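Listed below are the structures to be examined.
Presented sequentially are two complexes of chain A, the first with chain B as partner and the second with chain C.
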Partner chain A sequence: MLIVGELINSSRRPIAEAIAARDKAYLQELAVKQVEAGAHIIDVNCGTSLAQEAAVMAWLVDIVQEVVDVPLCIDTPSPAAMEAGLAHHKGKAMINSITAERTRWEEVLPLVQRYKPSVIALLMDDGGMPATVEDRLRVAGRLVPALVDAGVPEEDIYLDPLVKPLGVGSTCGVEVLESTRILRQKYPQVHLICGLSNISYGLPERRLLNRAFMVMCLSVGMDAFILDPLDRPLMSLLAAAKAVAGKDDYCLEYIAAARAGKLVV
Partner chain B sequence: MLIVGELINSSRRPIAEAIAARDKAYLQELAVKQVEAGAHIIDVNCGTSLAQEAAVMAWLVDIVQEVVDVPLCIDTPSPAAMEAGLAHHKGKAMINSITAERTRWEEVLPLVQRYKPSVIALLMDDGGMPATVEDRLRVAGRLVPALVDAGVPEEDIYLDPLVKPLGVGSTCGVEVLESTRILRQKYPQVHLICGLSNISYGLPERRLLNRAFMVMCLSVGMDAFILDPLDRPLMSLLAAAKAVAGKDDYCLEYIAAARAGKLVV
Partner chain C sequence: MPVLEEIKEALMAGNANKVREAVTRAVEEGVPPGTIINDGLIAAMNIIGVKFKNNEVYVPEVLVAARAMHAGMDVVKPLLTGDALQEKGTMVIGTVKGDLHDIGKNLVIMMMEGAGFKMIDLGIDVPPEKFIQAVEEYKPQVVGLSALLTSTMMQMKKTVEALAPYRHAIKVIVGGAPVTQKFAEEIGADGYAPDAASAVDKVKELLGLA
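Moving on to the complex of A and B:
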């Protein structure tokens, strides 16, 4: 199970302000806290920096890697910012993301081949966001072989089935769950990841919906999540979900977490 | 989704004491609280009353039905106590349980045919507790047609795949989930039920494990749970799970629960 800590993202106002002010201490503390809480990778996103995004991404990668040893996920729609982040990153990074959209594929693939990061691949193409399970399977059927042909090992591929809010349609969760179940069987070596919080966009008490969705995703074979690792009830439920889903032999991790007082009931 | 409130069970010490003292007010209040919290059926179990069990069950059914309008689940291994409970119950009851064990089947079936309750049918036979998914499917393949042949409508059948503690084996949860997924497809009209708390027996922070298991069970088609409806975080997560699993059109129930302040995050 791989946890990508999502908090250093400039779409969140305090982060945008900290980045604008180059508040290194604040951002470093947030990185350290996420790792201490169980994040295996720290997402860095400074999309609101606009024209300076590449320079800011390079700075962000530098200051976060000063304080944590885990890889960073260079999260940006800008190929220039992605390249700046990758060039400054020490060790194997992760990127968010490549897609099957023609332009995006052509811009990002050379960076993947040059820097060899783990790759989050969104299951969308020039037809836009996937509307059905079949859309997702079709795009995966193009992306996985194309990435492998380009030299990316299956273990470095993280397919993201793209979560749409339940407010858009009551079956948005089920579509992702069914896609995940099939993709897990079809690509046993490939990782499956999603951003949990999209499911609850626009609805009340969002964290409850995120938690329920996380448990269901895990049970059908999703093995990586982009989430807030400081949400202790979420992380506690994740530990329980792993045990219940048979992914924690003899419940040893769960029992250890309980003994360490890490579980919030 | 059907909730059976589990609290009036003499295996819990305060209940055993209240029953021994014929503390009608305490037991009635517990029944009312469970219904107010969302239980659709109230379980009544007085197994510790031993020789007096039939008389105590009759009393329990009488006093609980004085204060709630929902059906009761007559929960006992004793055919005599089951008959006493059914004879005193007004309206359609539920029983817990019949099995494919020869003696149990022969003792309980006549009560089912006479009183026509909803029937919880445990997926076990004279071979004992089921050890695998296949065991459960095999027993269901005998029980469902036998009950239907005996005149029980499929909608009155609640199959219980029997949950064993994770402490017994790390795959105990997965077995139930996979059984449930297959049974849901094979018997679309039959209900699927389980007692959640068995999963966590002997482990720390049991309520977290029960919650995660409930969410997973719901996502594979379980549509009835025997649980503690006064566990507000559990009931809140249940509401979220229904929304995420596409069982709450437009999330209307979820939004209403949030507006009514019923959701604990």
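Moving on to the complex of A and C:
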């Protein structure tokens, strides 16, 4: 199970402000806290830096890697910013993301081949956001072989089925669950990842929906999540759900987490 | 209960069938179509808007209320003759190029329609040329730009720049998760609104209708 800590993202206003002010201490502390809470990878996104995005991404990668040993997830649709982040990253990075959109594919693939990061691949193409399970399977059917042909091992591929808000479509959750279940069978070696918080957009008590969604995703084979690792009830539930799903031998991780006082009921 | 109150209550509850039924009854009772729209449908949508702004109702509730409003409009619109339906203005709206998000934009459309504006929806991933084309064709008073991605905020700037020759006739309003008042000022937009109901207030303010 892979946890990508999502908090250093400039679409969150305090982060945008911290990045604009080059508040190194604040951002470093947030990275450290996420790793301590169980994140295996730290997402870095600085899209609000606009024209300076590439330079800021390089800076962000530098300062975060000063204080944590885990890999970073270079989160940007801009090839220039992605390249800057990858060039500054020490060790094997992750990128978020490549897609089957023609331009994005052509611009990002050379970076993947050059820097060999783990790759989050969004299941969308030039037709836009996927509307059905079939859309997602069709795009996955193109992306996975194409990435493998380009030299990316299946173990480095993380497919993101793209989560849309339940608030605008009651079946948005089910679509992702069904896609995940089928993709898991079809591609046993490929990872399946999603961000949790989209599901609850526009609804009350969002964390509750995020948690329910996480447990259900996990039960159909999702094995990586982009989430807020500082949400302790969420992380506790993840530990419990992993044990129940048979992904924690002898429940040892669950017991260890309980003993360390990490679990809240 | 007076029939207009019934319409409002059913609309706020998101009950499309009941709205349709109550609007039909209002027409039979001789309530003027304009009154049904303004004091029934639009009045109720305004209340929903305020509640949404105050986090008292949620996105799905706005969607079902808007659906109910449209059900009522479908009954009463064919009865309107000529200029009986006084639209408050025309607004062209779209999500800028590179951005495929439409929820926020659609909420703005619903609230603006609910407030009596004619809305031209250009959809998602809209390049600056298409905004210009729409401005030429529909002669709106307002253009609304939406962006949800930090990465597409630059497109917003480009679109505002492309609209420069038309700015004597149109106001440009921007919104979306990463957008701020400061950003709106930086790129030279006339207004910014943090949510759909505020967008209505902002547009009315910009057009001097407030």
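The rule is simple: the second predicted complex is superposed on the first by the 265 of 265 C-alpha atoms of A that agree within 3 Å, B and C clash if a C-alpha of one lies under 4 Å from a C-alpha of the other, contacts with A are read in each partner's own complex, and residues count from 1 in each chain.
Definition applied: contacts are C-beta pairs under 8 Å (C-beta built on N, C-alpha and C of every residue); 3 or more make two chains touch, one makes a residue touch a chain.
Values in this document were obtained by computation on a predicted structure and should not be read as measured data.
Touch criterion met: A:Tyr201 reaches chain C, while chain B stays clear of it. When the shared chain is aligned, chain B and chain C each come close enough to touch A:Gly167.
Of the two partner chains placed by the overlay, neither chain B nor chain C lies in contact with A:Ala20.
By the touch criterion defined above, A:Ala37 reaches neither chain B nor chain C.
Using the contact criterion defined above for the overlaid structures, shared-chain residue A:Ser219 touches chain B, although it does not reach chain C. By the document's definition of touching, of the two partners only chain B reaches A:Asp248; chain C does not. Once chain A of one complex is fitted onto chain A of the other, the partner contacts of A:Ala55 are absent, as it touches neither chain B nor chain C.
Comparing chain B with chain C, the partner in contact with more residues of chain A is B. In the superposed pair of complexes, A:Leu177 makes contact with chain B only, with no contact to chain C.
Comparing which residues of chain A touch chain B with which touch chain C, the overlap comprises 167, 203-204. The touching residues of chain A, when paired with chain C in their complex, are 10-11, 13, 16, 45-48, 50-51, 53, 76-78, 124, 128-129, 165, 167-168, 201-204. Interface residues of chain B facing chain A in the complex, by the touch rule stated above, are 166-167, 170-171, 173-174, 177, 199, 203-205, 207-209, 211-213, 215-216, 219-220, 233, 236-237, 239-241, 243-246, 248-251, 254-255, 258-259, 263, 265.
The touching residues of chain C, counted against chain A in their complex, run 58-60, 63, 98, 100, 103, 124-125, 149-151, 153-154, 157, 177-178, 180.
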